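Data first, discussion second: the structure below is written as structure tokens.
The chains carry the letters A, B, C, D, E, F, G and H, assigned in the order they are written, with residues numbered from 1 in each.
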Amino acid sequence: MSRFEFLNGNEALAWGVKLAKPGVIAAYPITPQTIAVEKIAEFVQDGLLDSIYLHVESEHSAMACSIGASATGVRTFTATSSQGLLYMAECLPYASGARLPIVMMNANRAMATPWNIYGDQMDVMYVLNSGWIQLFAENAQEALDMVIQSFKLAEDSEVMAPVMINLDGFVLTHTYEKVNIPEQELVDSFLPPMQLQSHMMNAQHPTSVCISAGNAHNMEFKLKQHLDLLNAIAVFSRISKEFGNFFGRYHGGAVEGYYYSDADVLLVTVGSIAGTVKEVVDAMRKEGHSVGLLKLRMVRPFPVKQLAEACKNAIAVGVLDKNISFGYEGTIYTNVNSALLQSGVFVKTQNFIGGLGGRDIPKKEIRSMFKVLLDNLEEKKVRFHNLRCT
Amino acid sequence: MYEIRWHGRGGQGSFTGAKLLGTAAAIYDNRFAQAFPSFGPERRGAPVLGFNRIANQPINDRSEIEQCDTIIILDDTLMSDSYLEDLKENAKILLNSTKEYFNKKIISIDATSLAQKILGKPITNTAMLGLFAALNKDIVTHNACIMAINSSIKNAIAQMNIELFIAAYKIGEDITNEKF
Amino acid sequence: MKNFRMSPVPEFSKIEDIPLGASCKAFHITEKNASWRIKRPVINQDKCVDCYRCYLLCPDGAIHREAARNFLIDYDFCKGCGICAFECKARAISMVKETLV
Amino acid sequence: MEKLNARNITEDEYFYGHKACGGCGESLALRLALKVLGEDAFLSLPAGCMSAVSFIYPNMAFKNNAIITPFAAAAAVATGVEAGLRALGKEKPLSVVFAGDGGTADIGIQALSGAIARGEKFVYICTDNEAYMNTGIQKSGLTPYGAATTTTPAGKVIGGNTSNKKNMFEIVAAHNISYAATASIGYPEDFLQKVKKAKEIEGPAYIHVYTPCPTGWGTETNCTIALAKEVVDTGLWPLLEYCNGEYNLSKHISTFTSVREHLKKQGRFKHLGEKDFNYLEKQRDIQWKRILKLTNN
Amino acid sequence: MSRFEFLNGNEALAWGVKLAKPGVIAAYPITPQTIAVEKIAEFVQDGLLDSIYLHVESEHSAMACSIGASATGVRTFTATSSQGLLYMAECLPYASGARLPIVMMNANRAMATPWNIYGDQMDVMYVLNSGWIQLFAENAQEALDMVIQSFKLAEDSEVMAPVMINLDGFVLTHTYEKVNIPEQELVDSFLPPMQLQSHMMNAQHPTSVCISAGNAHNMEFKLKQHLDLLNAIAVFSRISKEFGNFFGRYHGGAVEGYYYSDADVLLVTVGSIAGTVKEVVDAMRKEGHSVGLLKLRMVRPFPVKQLAEACKNAIAVGVLDKNISFGYEGTIYTNVNSALLQSGVFVKTQNFIGGLGGRDIPKKEIRSMFKVLLDNLEEKKVRFHNLRCT
Amino acid sequence: MEKLNARNITEDEYFYGHKACGGCGESLALRLALKVLGEDAFLSLPAGCMSAVSFIYPNMAFKNNAIITPFAAAAAVATGVEAGLRALGKEKPLSVVFAGDGGTADIGIQALSGAIARGEKFVYICTDNEAYMNTGIQKSGLTPYGAATTTTPAGKVIGGNTSNKKNMFEIVAAHNISYAATASIGYPEDFLQKVKKAKEIEGPAYIHVYTPCPTGWGTETNCTIALAKEVVDTGLWPLLEYCNGEYNLSKHISTFTSVREHLKKQGRFKHLGEKDFNYLEKQRDIQWKRILKLTNN
Amino acid sequence: MYEIRWHGRGGQGSFTGAKLLGTAAAIYDNRFAQAFPSFGPERRGAPVLGFNRIANQPINDRSEIEQCDTIIILDDTLMSDSYLEDLKENAKILLNSTKEYFNKKIISIDATSLAQKILGKPITNTAMLGLFAALNKDIVTHNACIMAINSSIKNAIAQMNIELFIAAYKIGEDITNEKF
Amino acid sequence: MKNFRMSPVPEFSKIEDIPLGASCKAFHITEKNASWRIKRPVINQDKCVDCYRCYLLCPDGAIHREAARNFLIDYDFCKGCGICAFECKARAISMVKETLV
């Protein structure tokens, strides 16, 4: 029977991995991901998870090992964060171009320099183009569930792409909460073993993998990859519902709204900060403000339609970014604006930057964001929050 | 929403105290709880913090805790008067100290001596948990704490910690009965 | 190579034709290398002492044995590097200009 | 057991129709090694000439399962392949790397060193042509002293490469690897035999094989094998083994042939003078002193 | 006296480097960048350039060496491409956070897998967030000139940030053209030697560099970096004009328009393809079509105002991207859309994807893009061009 | 010349107010080394405990110019610094790396190997605490056999680390480096002396110093030096030098002290049994045989 | 816009031919020119291409050249009939061959023999350049070509290449005079 | 450390206060480590034989020599690890509980 444990986001994720039974795990430690891989290593050394755990020498090697393993048709997991994510960056489009259904956890953390181990989301924004499906978990339960959903999504024949599960560093990875651990049998029937695909190595039918394709062929490979990745929006929505039916928990599809359908002003964001926003929405709704939240669970593929649909009646849309593209604005803001413009949703928008380098985003700051959206949109579109300096 | 802050030194189990309390409330009292450490690179020996939120509904808020319902300090060398400003109304600091404090804001016990006696080590988290539980029966139950210690701490020392918890809980009950 | 079979150039006009994931069937050869050659190695079978050396050392594996004392060159894949001729101790192989062949 | 030679290895080809330059030494090393490794070997090749000429869609030159790896990651991918196959229940999978000198000694050394240290079974064959050839003959960590490359040209002030060739064989041996060896395609039977040992040994194995590159060295395409033999005879490239913690000399050389004659045949060395030749000879002599000691000779 | 040579983009760039006299050059070869570093190495080995050339073992080390050198206050240059750019990705925000005015050439090339050495612009799009100024050259002359301008820009005290100069692989790096080589003395007076800055290592005043800043301080470091990077738009415009006065060549500021001010439809793009677009604009203008080109020379910081200003009277704006963010659209398109929406320029836009993996973009395809903009904007916003498959 | 000791080294401190755990071995190694290297040394530290505890804005613990480097890039940054200073006209600049075992032997080995091969002058000091401590005691390539770490816990099925410690000293020596040595803070004078040699030699120098970590090893904070001495006396950590191609034994040990007594003091080894101890002793004996041969003893 | 395609084998100098022509036109005739190789990973020995564009105005177009004004083929084993379709109207293929072609579409010389005689090597790019220059005096001048060879090729062999160029140019002039 | 001077905590309220480029003046120490200590090393100067060992081996450099035969501990930076006491052959240093001091 399923049961409850008091786990942090990392541990919950590790439980998800244990239940998904990957055959190979290759990982390199980096704060704030470490607890996840330590827990997985413990499962392995205790004989509770029958996987090969490779203690690799770097993140580049972690992803390279994962590519090698996945190319033989075995379910493969890895995890990293920030400096590690960028150290393996070369291998990310490598894996996705080869259509290898690897699942990776990324514990979102600030990038050096200055060095900082706290959680912001600068790291993942570098790799949005990489052909990986990008999912963001809000809490520990969703982290566990998302691992199971992600393998199913990655291995789906309409999708066949690697998945990155983003967990906000510390605020999610290190925060303990009550988490339900599903039964192994149920997971097994929801997520059957991975099938050897024709594009992988095969003792019976030898295959050349990660080949080159010159200017006469390359563009079509990329097109196919793009089109299949777009399928992930619908497939994820289907899998999420199916998961709900199996396990009684539904976290939403590519987007999750909270008091959004009738809201005058909407705040769009990703990851664990959505929780705090919900509390502010509750409070402000009680005070009679027409505010709402739109949480993107999936950022690649980008759910243009769902976003445009949700925003089309809003008077103003704010985007809370825990990242900054230096010399421009928050990256989610850029993505949202593009979706709105191309969908003909000509709404006013405003960008709020918070949480860089682990800076707290207190409720009063979120409240002030909603205030800006309700009262006075600014000329300067990029607004930094909770600064210590003026 | 009940909010708690723990003060200790890296490697001395202050965060374990917060985890035990969270486990007790969330798993064994069947409510909702968060426990999280001060996020940072602090080394063994350096002053560190732990936090709890406890509520009857799922907890979505992940911002830092500013005002506390209780502050628990594992070692009085870590005490600072400025902490009084971080208390909500009617909130208290629970302090491990050989000196006695019994005022509206600060309550102390000599948890180190108690721990030395029962565990043979100056590890005071379960003792302070006992004190807290005794003073906050509406927040966490005696039984839930014992079950949390049992399930979270390695067998060999779980029993001794339960003993320590009970001893401190008793002192706490005495305080409630006598002093208020 | 003995019994070697070329593969046809695959279709590439519909999205379904495109291989999934930067992959391809192994040993899938659609193109010969004959056009690389400026000179062509020619074995004088009479001089050949069956030492296997040309076969062993051809980087393109373009020399194979068909029957005893008989090494053949696959001119579809020989690039004309001249190693076989240079290394043949019996001087049984000569390099002949392609245009003169 | 019978030593391997042209007559007793398989007639099958596992590497065919590739687009390497005519007379390419590396491609011969691969062709020969595969005849010993067989078709069950799973191949990992990092970026480099050999991967560049063998996987150009739709022309695939390997009969085996094979994967191109990121340039830095050959050994990591190969151990991933090995682990994957093991996880799928295959017994004693044979995972093999073919990597160039740059992919091995420079950018690839982190992955190689880590994989050896993990102790997993794989065979790593470094085909050494002493420069980054695939990108156009740039200096690598295995480019010998004096050689002109496109990044160390024979300039007016600095003449060729000023640093010494890394000793990958001893570096790998210092990892206490199960098996390591040097070889040369100029001594093909010795190479075949070493590939066999590498295949059969438990744990990681490494072979460093000398493979001249006519394009990069400025030599005739037909001299590849001759140069690869000569370099051994000059003493510049000793044939060695490391096995069970012991060093072994595979080929004793009583009198070295001339270093300068050998180098003068190669365009990349044509700017060198007597001082350079003497330096290189002296380096060789120091090396042999150490080798003879290591191998108890 | 200045003189003309017949050089390809790589060689022209190498000449720019020679004239700018960096003290340290650290680079790792990768097609199609190699010719540039080979030429520089030749200058050094021939004694024509008095620099230390470090033959490093990887791109990560190339950038790390550059960081070390630049941190001592010496002018530093490096170059890379594609796989190499992503292999060093971790070091890019590292250098920019430390405010080190390194200049790097990136020869734009496709990313594996499938492997491909041809030119598209997928590589640079990964690192737009990295705090580097991103410039794109159209031709060999601009490449040479841009090196000189870039060092001046990077070292400007209002900016103090690293610069990446993007050259389209092959179509620019390997194409020979007539190039004017300015006089050394003139360059010396335009670009004086680099000054040792207070944030660098200093024998007299020892400094801690690339330090860490926790959640109490980090966000302000990032804010400062962002604000200073924004200055680069105005400073670059100033420097470009100054360069024009010095050398008699002006290539534009952050943007360069071509028949754009009165155009009904505008095509926005970056890099060398702008040249071909100009030819098409010429031809179509002759035919009476109101078409124009807007070339972004600078993509970070992003010239929001300049772009919005240029597009505000257009009926439709197209963006030609030589990249695809899998599961979304071309990245320049995303950036342009955001700028337009937030500026209140509610114009219809369309994305054209071309040139992936080196696929040719012939004039007739560009013509068809303009046709789409003039006649029939599509529902599907992302349109692939010159495909072989349907 | 007088050997260095506590009395004749400078009284100045160059490393102060850092946030390392009480009793940290690495921090002592840095403090001592800097007293020999002096304030003109330019320091490069990769990610790791020592950089994490010394540059927390606004607390800077080094008196010297110092830079944190990307984890993989210590040696690359250091040679960049050296080149930069040279380009600016400084004569014989002293560029120094302090890196942990993980930053050296795993992720950092590519940069280290490349920098040594380039032959540039720099001093690389690897402070070995046998795990990734900064991130919470994960196994590195230098974690010894049997040790429990957070990624190789003493589990029910697998007990601690199953692979052997990389021999970085011999790997570096195989690069034919100008100077290499092992040291231990348990023998501080020997260490000081070696730092001096490393500083003075032409070309690259490498010192691998054993630095216990009470937090990661499960030992009392006051035993750090005692353990670092004991490990040498057990023979598990021989003190060696490599200079001008010759190996040298810095400290002869006539009778080894007990390996098991030594290991039993450390929490990380408390799950080991006789079989493990015997294995480790045997490994030690094999190692010494090789060492004695290498050093002509 | 005059557009040219060169056919040769990797390592045999076909692209050097294109570079020389471009240098001559752009630098010494003071016009504008592009020269670019077939972009790709082709090895020594493999068939490769080179391209030129020549014009009186700066050349912005960077797309591939589809239809050519001249196709120059350094070795007749590389000739294919399909190339005829890549010619613009009135355009020609210049072919190095021992066989003689003198029709509207194809003109040949035996450049290999000429090169063997003058250079002692079968490197035919400067010979084919000579032929081209003779047939296209409005595109590039004799002098400009000689200056381009002089400045681009190493001293030792520049002189011989100039000789070869001149010899081929003569043949080309003869062809123009005689055959048309 | 002899003559050691702490640095003031820098201002951080205006954008100009923020250091340029992840940098800071070297040897810039604004915070003491005294609060880390649970036990305090106390030197019995009478027992001390001036062997320098405690000074040599303190990882925090918190012991310095002020005058002949006189080693002093900088309690602002001593973390109380106990190495000095453990390593003092003369047993001149004892570790005393902080709360009892």
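Everything that follows uses one rule, which is that a contact is a pair of C-beta atoms (placed from the backbone, for glycine too) under 8 Å apart; a residue touches a chain by one contact, two chains touch by 3 or more.
Small disclaimer: the values here were computed from a predicted structure and weren't measured.
J.: Using direct touches as single steps, what is the fewest number of steps from chain B over to chain C?
T.: Contact-graph shortest path, chain B to chain C, evaluates to 2.
J.: Between B-F and A-B, which chain pair is linked by the larger number of C-beta contacts?
T.: By the number of C-beta pairs in contact, the winner is A-B.
J.: How many angstrom lie between the centres of chain A and chain G, each centre taken as the mean Cα position?
T.: Distance between chain centres, rounded to whole Å: 56 Å.
J.: As a quick test, compute the distance in whole Å between the mean CA positions of chain B and chain D.
T.: Spacing between the chain centres: roughly 63 Å.
J.: Please work out the Cα centroid separation of chain C and chain H, and write it as a whole number of Å.
T.: Averaging C-alpha atoms per chain gives centres 76 Å apart.
J.: Calculate how many whole Å lie between the centre of chain D and the centre of chain E, each centre taken as the average of the chain's C-alpha atoms.
T.: Those two chain centres are 39 Å apart.
J.: Out of chain G, which residues touch more than one other chain, so two or more?
T.: If we look for residues of chain G contacting two or more partner chains, we find 39-41, 45-46.
J.: Residues of chain E that contact two or more other chains, please.
T.: Chain E, residues with two or more chain partners: 31, 55, 57-58, 60, 83, 87, 90, 94, 97-98, 112-115, 118, 206-215, 217, 220-221, 223, 358, 360, 388-389.
J.: Quick one: which residues in chain H touch 2 or more of the other chains?
T.: Each of 12, 15, 18-19, 21-22, 24-28, 36-37, 79-80 in chain H touches at least two other chains.
J.: Quick one: which bits of chain A touch chain E in the complex? Just the residue numbers, please.
T.: 60, 83, 86-87, 89-90, 92-94, 96-98, 110-116, 118, 122, 125-131, 133, 210-223, 225-226, 229-230, 232, 300-302, 304, 323-329, 331, 333-335, 337-338, 340-342, 346, 349, 355-360, 381, 384, 386-389
J.: Could you please specify the touching residues of chain F with respect to chain E in the complex?
T.: The contact residues of chain F facing chain E are 39-40, 42, 44, 51-52, 55-58, 60, 62-70, 72-73, 76-88, 90, 110-111, 113-114, 117-118.
J.: Give every residue of chain E touching chain G within the complex, in rising order.
T.: For this pair, the touching residues of chain E are 4-6, 8, 31-32, 117-119, 139, 169-172, 174-178, 272-276, 278-279, 358, 360-363.
J.: In their shared complex, at which residues does chain F touch chain H?
T.: Against chain H, chain F makes touches at 5-7, 11, 13, 15-25, 27-28, 31-32, 55, 57-66, 185, 188, 214, 220-226.
J.: Can you name the residues of chain D that touch chain E in the complex?
T.: On the chain D side, the touching residues are 47, 51-52, 55, 57, 68, 70-72, 106-107, 109, 132, 134-136, 138-139, 141, 150-159, 163.
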